[in-house]
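After this come two complexes, each holding subunit A, first together with subunit B and then together with subunit C.
The block that comes next holds the complex of A and B.
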C-alpha cells in the first residue's frame, strides 16, 4: 500500500513546473526573430531585478510585449482546458470526454460571438463590456454541456456511445452556426473563422480580460480540486460513491459549473482549441495514476506545457506565416483519440 | 478486529422517538416501510412495496429472498437510506437512515453491490482505501490509521495477498472479497449486500457466507443480504424475509419461513424441504421423472 502523500504530490508538481519553465524559455527564444539564449537570460534577470531601463529595446518589444504575454495566455488556456477535460471525464464516466469533442467549446464560441454582437448595442462601461464575452462564453458552455448530457441519456443512464455521438453532432451544429455568424457579419472587431473553429493565441486579449482569465482559473480549478477525492469515487460509479458518503448531486453540480466556467474562459480568449482536454489528462494518468488529487494539478501543468509547445510550433514551423494553434493540437490529438477509442473497443 | 473510536454523531441528528420507544438490543428497525415506483406522479405506480416490518440485532444476519422483481433490492435501498420510504420508517440505532448526512451514513452503513465496471484500472489497496472516504475531510491524505484499517480489512477477508493486484485482473470471487474489504474499512454498524453470490462458483459462495457469519459475530455487524440462494440463506441466516410481488409474506427463523407449500406457491415449482440435524432447512428440487 502506497497512499498518496503531500510530499509526493509536491514533488511531481515541482518537476512539472521545472519542465514548464524550460519550455517557456525555449518558447521565448524561438521565433521569426532569433534571440540568443545568453541575451535572453540576461534580460530575464534584469526584469526580475526590475532594471527594465537597461534592456536592449528591440528585445524588449519582441520578448516582453509579444512573446511573453502570448506564452502566459497559452499557459492559462492550456491549464483550463486540461482541468476541464479531466473533470468532464470523471463526471461523465467517459475517457473520451473533453470540452472540444463534447461540443462545449463550440457552445462557448457561439456564446462569445453572440456577446460580441450584442455588446455595441448595450452602451456599457468598458470594464463591464470586457466581461460580456467571457460571461457569454460561460453561458454557452454551460447550456451546451447540459444539452449534451440529456441527449446522451438512454433510459435514465449516461450511455458512452450516445453521449459522444450527441457531443459530436452538437459540435458540428454549433460550428455551422458560427459559420453563419461569420459570413453574415462583416467588419467590426469580430475575429476570424479560424479563431473560433480551431483556436489561436496570436491576438492578445485586453488586460482586464487576462486578469479575469487568471482569477477565474484559480477560482474554478480550486473549486474542482476541493472535490478531488469525491471525483475518484464518482469515477468508480455514482451509486458506489453515494454509499461511500459522497453527496453526488452537489459534487456533480459544482464540478459542471466550474468546468463550464473554465471552458468558457479559455474559449473567450483563444477560440476552440481541441484535444488538449482529452489528451493531457490521459498522459498524466499514465504517468502519475488516476487519483484526482494528483491528476488535477499535474493535468493543469501538462495542459500549460502542451499548449505552449503547440503554439511555439504553430508560429515557427511555417514562419514567418503562422498556423492556428488548434491545427497543431489536432494533428497530435486526433490520432491519439482514435488510438484510445480503438483500444477501448477491443 | 481492533476497534477504533467512531466519530460521534453530529448534534443535529438526535434519535427520534422516546427513549422507551425501541428495545436497545435492536439495532435495525424496519417499521411499516412501503414504497412505490411510477413513471410520473400522475400515473398509477408501476411497482409497489407493501408495508414491511422486521427488526435485527447486532451480530445478526437477515436474508431477503424471493423471485426476481419482488422488491428485494428496493427494500435494501430503503434500508440503506438511498430512497425515502413512502410511509413508515427505517431506524438504525434510533436514527432515520435516509435523513442521515451523507458522510455519517457512509460511516454507519456499508453496501456491497454489483460494481459498475472500472474506467481506469486501480489496485486492490486503492479500492479498499476508498472505504475510508466518509471519515476524511476535503482533500485530506490517508493517515497511517487509515492504511492500518484497510490492511486489517483485507486480512479479515483473507485477501492480503491481493493488495497490489489490479482489480480487473483478479477472479470474481477474489474481487468480491476485495469489495467486502472496502465495506469493512467503512467500519459500519450495518452491512448490506445485494446478491453478493451472483457470478460466484459454489466454493466461493460458501466461502463468502462463512466469512460473513464470522464477521457478523466478531465485529457485531448487523448484516442484511439479498440473495437467490435459498440454501445459503437457510444455512447461515438468523432471520429470513420472504418476498413475492412487493409483499413480505413471512419473516422469521429459516425453519419457520421455508415451508414447502409456501415456497412452492412463491417460486411456482415443486420443491422438497427437509430439516437437517442442526434444525436448518434444506430446499431441493424433487428428482425429475
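The block that comes next holds the complex of A and C.
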C-alpha cells in the first residue's frame, strides 16, 4: 500500500469531481425536452447573477425544478450506496457484500408498504402523511439490518459468512412478504413493484426528505471515514487488526450502523438501485488501490457518477417514457461484474 | 499503519473541507414554487376532484394533458380534442389520439415533457396513475384533476363532472343523457332474463379476472351477466380448479379485434385442463371490444355488444342476431372496436398499479 499523501488524495478527488461535473452538465442537457449546451451555460450564468426573470418559466421549471433536483438526488443516492458497499465489503471481508445482499432494501420496501397501509387510519396532516412512507422505509431498513446483525452473531462475534447468509435469507423472506402484500391488498395507491425491485429517481422526494438525505450522507460517510485506517488493518484479518490495536468490535458496530443508515436513506427515496454498492467500490479499488482513506471518497464520487449516468440513460433511452434506473445499472453492472470476476480468477 | 493514520490529519481535513464545499454548493431542490401568470391574468375556480383534493383550475381550460387512455377518450367524446396537447403512449383511441404529443407511460410519464407542454390542467385517474406523480406535479405548480369511477354509473357522472371542470357542462349533459338512454334501452331488452354466469378474462396466463368492485364487473351486470368471481381484489389471480368448480356459462374476452379474441379462445382451449369447462367444450364465448377495459364513455358500446352476444334472443327483432358468436351490428354510437390497441398492456399496467 502506497503511503497516503494529501496531494494524491486531492488529485484523485479533483479528477473524479471533474468527471462528475461533465456528467452533470450532460445530464442537464439531455432529456425529453431538448436544451442546447450553449443556452444551458448562458442560463446557468443568468441564474448565478440572479437574473432568473429572463428565463421562460417552463424552461426554468424543467431545468431547475425537475432535472437538477433529480441529478442531485442521483448524486447522493449513488454516493451513499457506493460508500455503504465499500464499507460492508471491508467490514465483512467479503467482496460480495453489498447493501442489498444484507436485506436492507427489502426491509425498506416492507416498511414503506406498511406505512402506506396504516396511513389512512392515522388521520395525519397531509404534510406529515407524505413523510410517513420514507420514514417507514427507513425504519424497515433499520429493523432489518438490526435483525440481520443479531442473526449473524456467532458466540457474540460477527461471523461474516453467517451474516451474509442471514442477510440473503432475510431478504428473500421479506421479498415474499412484499409479494404477499402486493397481491392481497386492494384499492390503495401502492407504488409499483418496479420501484422497490429496480429503483427509480423519477419522482422527487419532499424537500425535507432530501435535506435529511444530504445531512445523513455527510454524517454517516464522515463517521465511516474516521475508521478508514482501521478498515485497512481489518483487511489483514481480525486477529491481526486486534493485535495492531484496533478496537474491532467498536469499528464493526460504528461502520455497520453508519453504512446501514446510508443504505436506508438511499432506499427510502429511490427504491432498490442494484449493483452500485457492489460494483463501484471494486472498480475504484482497481483504479486507485484498496487504501480506504482513498477508496471511500473516490467510491462516493464513483457512485454518484454511475447513478447520474445510469439515470440519464434511463430518462433518454425510451424518451419520453422512462425506465427504472435500476434496470440500467443492472444491464451495465452485471456484465462488468462478471468481467472483473473472471479477470481476478485468471 | 496506525501512526501513519495519525499523520494524515491534513488529508482528513482536506476531505472534510471538500465535503463541506460540496454541501454548500448544493442548492435546495426547490428554489421556489413557480407562480403561473400568463399574460391575461386568468380566472381560477376551485374544484374538489374525485380523490377528494381541492384543486385550483384556471378558467377556461385551454391546454390539457391526459395521463390515461380513458381520459383521452373522454376528452374526444366531449369534443375537446383541440384542447388536448399531450397524452400517453397508450392513448390509441380514437386513432387521432396517437398523433398527440406523447409524455410517456401513465405510470412513468416524463415530468419535463408535461411541463414543456404548458398545460392548464393535467388529468389523472386514481386507478392507473401514481399519487407520486400527482405530488410531483403539485410541487411544480401544475394543476391536476383526478377521477375515480368504480361503476358504469360513476363513469357517466364522472364524465359529466369532468365536462363541468373543463367548461363545457352542456356537452357533458348531452353525452351523459345519451349514454343513459342507451343503457335504459338495453335494460328494457334484458328485462326478466336470467343473468349469464361468465368468466371475464383479463389475462390468460396467469389467469387474471376482475373483482366485484371493479367497473368491469359492473359493466358485466349491465350486460345481463354476472361474474363468477367473487373477490374483493380488483384483479384476482384465479386458479383453473376454481373456475372448473364454478363452471361459467360463457368466457368473455376483451380484444382489439374480434379475430384476436377468437384466437385467445383457441389457445386457451388447447391448454391442459380447460377441456374440463363446459363453456370451452361447447365453444361458448363472447368477444367484445377492449373498450370495456377503459372507464370511458365507449364502455357503453361494449356493454351493448356483450348483451347482444350473451342474450341474442332478447334482440331477436334483428334477424342476424340469431347466431351466438356473430359479430354484432354496427353500434349507434359508432364507437366500434379499436384498431391497433394496447388496451391489454394498459390494463396490465393498471393491475400492477392497483396491486
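Simple rule for what comes next: the second predicted complex is superposed on the first by the 271 of 346 C-alpha atoms of A that agree within 3 Å, B and C clash if a C-alpha of one lies under 4 Å from a C-alpha of the other, contacts with A are read in each partner's own complex, and residues count from 1 in each chain.
By definition in this document, a residue touches a chain if its C-beta (ideal position, glycine included) is under 8 Å from a C-beta of that chain, and two chains touch if they have at least 3 such contacts.
Not measured: the values here are computed from a predicted model.
By the touch criterion defined above, A:322 lies against subunit C but remains apart from subunit B after alignment on the C-alpha atoms of chain A.
In the overlay built on the shared chain, the residue A:4 is in contact with subunit B and with subunit C. Look at A:64: by the touch rule set out above, it reaches subunit C but stays clear of subunit B.
The partner that reaches more residues of subunit A, of the two candidates subunit B and subunit C, is C. After overlaying the two complexes on the shared chain, residue contacts for A:156 are found with neither subunit B nor subunit C.
When the two structures are aligned on the shared chain, A:72 is found in touch with subunit C, with no touch to subunit B. Once the two complexes are overlaid on the shared chain, A:247 sits against subunit B while remaining clear of subunit C.
Taken together, the two complexes place residues 3-6, 225-226, 228-229, 232-233, 244-246, 293 of subunit A in contact with subunit B and also with subunit C.
Interface of subunit A with subunit B (complex): residues 1-6, 93-95, 225-229, 232-233, 235-240, 242-247, 285, 290-291, 293. Note for the complex: subunit C touches subunit A at residues 1-2, 4-5, 8, 10-12, 14-16, 18-19, 23, 26-31, 34, 36, 89, 102-105, 107-113, 115-116, 118, 126, 130-133, 135-136, 139-141, 211, 213, 232-234, 237, 352-355.
The residues of subunit B lying in touch with subunit A in their complex are 80, 82, 102-107, 109-111, 113, 115-116, 118-120, 122, 125-126, 129-131, 133-134, 136, 138-142, 146-147, 150-151, 163, 186.
Per the touch definition, subunit A reaches subunit C in the complex via residues 3-6, 9-10, 13, 31-33, 57-58, 60-62, 64-69, 72-73, 130, 182-187, 189-194, 200, 202-204, 207, 210-211, 214, 218, 221-222, 225-226, 228-229, 232-233, 244-246, 293, 297, 315, 319-323.
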